[in-house]
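Each chain gets a letter, A, B, C, D, E, F and G, in the order it is written, and its residues are counted from 1.
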Amino acid sequence: MKPLDVLEQSLHKRVLVATRGGRSFRGVLDAFDQHLNLVLSGAEEVVEDVVTPHPGLTMVRGDSVVYISP
Amino acid sequence: MKPLDVLEQSLHKRVLVATRGGRSFRGVLDAFDQHLNLVLSGAEEVVEDVVTPHPGLTMVRGDSVVYISP
Amino acid sequence: MKPLDVLEQSLHKRVLVATRGGRSFRGVLDAFDQHLNLVLSGAEEVVEDVVTPHPGLTMVRGDSVVYISP
Amino acid sequence: MKPLDVLEQSLHKRVLVATRGGRSFRGVLDAFDQHLNLVLSGAEEVVEDVVTPHPGLTMVRGDSVVYISP
Amino acid sequence: MKPLDVLEQSLHKRVLVATRGGRSFRGVLDAFDQHLNLVLSGAEEVVEDVVTPHPGLTMVRGDSVVYISP
Amino acid sequence: MKPLDVLEQSLHKRVLVATRGGRSFRGVLDAFDQHLNLVLSGAEEVVEDVVTPHPGLTMVRGDSVVYISP
Amino acid sequence: MKPLDVLEQSLHKRVLVATRGGRSFRGVLDAFDQHLNLVLSGAEEVVEDVVTPHPGLTMVRGDSVVYISP
């Protein structure tokens, strides 16, 4: 089993994505590619306890991702 | 469905683009490539609540992009 | 013996993973690939003595990893 | 239309180039390549409101570029 | 003689490894690859004079390495 | 005309090279390659108004370069 | 003449190597490769006027190098 296979299992489920610069996102993982570019639907962005909703689909660049967890 | 396919659906629509260094842009997504280089028309740049309009076409380097949302 | 062979020996064992930005994780190493993307199960994230449990599987992007130890 | 095609349309026109580290340049775009290495003629560099003129041709490394706008 | 040949001579000897972010490690170099991923046994990590022992094998990601010395 | 062709025209002329981290160099451009690795002869390094002369040939790593101007 | 040819001329001579993060090294250049990985013998490391001698051979990772001068 490889890391990307594990990510496959998170498809269409809610995930927490932490990115560089102290940002994080919560949303449903709708798509990803081998660069870890991610698409989240109904994402909420959190920066220092400030929550910003992003209706629709948010694409997070893989380069910015630190970790992805349920 | 892959992340870049999702971005395809945002073509010619208004998007929010956050970049490293605390900058963000709002504008119409006119073009992108596989490196996530983006072209925005009628973009407004926001840095710490200061808004700078960029008439015409702004090209944002993919390397700088953190996320793209509607 | 190569570094990735050593990592192979840590599969299914508890590891400590330090990442850039002062974060670290403790959890069981369930998978990894040649980019050092890692999957940890039952991970605890530690940032400045604040511990956040991440039930389920956490995927840590290889680019963020500084070191992995038992 | 791809981002680099858009940049093609800015050739020989005045552009604003923002780079990492809070620097920006204004000048005429005389050349660029696929790495976004740029050549500006008659460039002015701006760092925190201090303007430094660079007579002749300035080459800006693509890696440093954040965005290019008219 | 190439740098990696020199590193070959340090195999199974104690080395000092400095990484980005002000960390350093002392331990026996058990393995390395062409990306400078390293395996240290019996490593001690030093950050601002605080020493943390890492029993067993520590894998340091090559991207983080600044220098390696005896 | 491509950016590296423009750099060709600066060969054996005095240039100003700004690098990341607030450093700059003045010297005669004696050589460069496609990575923008540069060789300067008789370079002066400037960091916050402190000038350090580097007699002989200084090689600046391309990765560090922000811009090169006359 | 290319930058790496120039570096060839510094082989077995004393050089000053500045790296990211405000570190520098003085030592004899014993080897290098095309990534600018360097081997210095009898190196002294300088960080904010604190000098640390590194007897034997120090390998500096090319990615960290900013410049090399005599």
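Rule of thumb we're sticking to: a residue touches a chain if its C-beta (ideal position, glycine included) is under 8 Å from a C-beta of that chain, and two chains touch if they have at least 3 such contacts.
This is a predicted model, so every value here is computed, not measured.
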In contact with chain E and with chain G at once: which chains are those? Just list them.
-> none
Count the smallest number of chain-to-chain hops linking chain A with chain D, moving only between touching chains.
-> 2
Go through the assembly and pull out the chains touching chain C as well as chain E.
-> none
Mind checking the centre-to-centre distance between chain C and chain F? Centres are C-alpha means, answer in whole Å.
-> 41
Rounded Å distance between chain B and chain D, as computed from the means of their C-alpha atoms = 18
Multi-chain contacts in chain F, i.e. residues touching at least two other chains, fall at 20, 63
Cyclic order, anchored at chain C and moving toward chain E, comes out as C, E, G, F, D, B, A
Residues of chain E touching chain C in their complex?
-> 19-21, 23, 25, 30-33, 37-39, 43, 45, 54-61, 63-64
Residues on chain C engaged by chain E in the complex (per definition of touch) = 1-7, 9-10, 16, 20, 22, 36, 62-63, 65-70
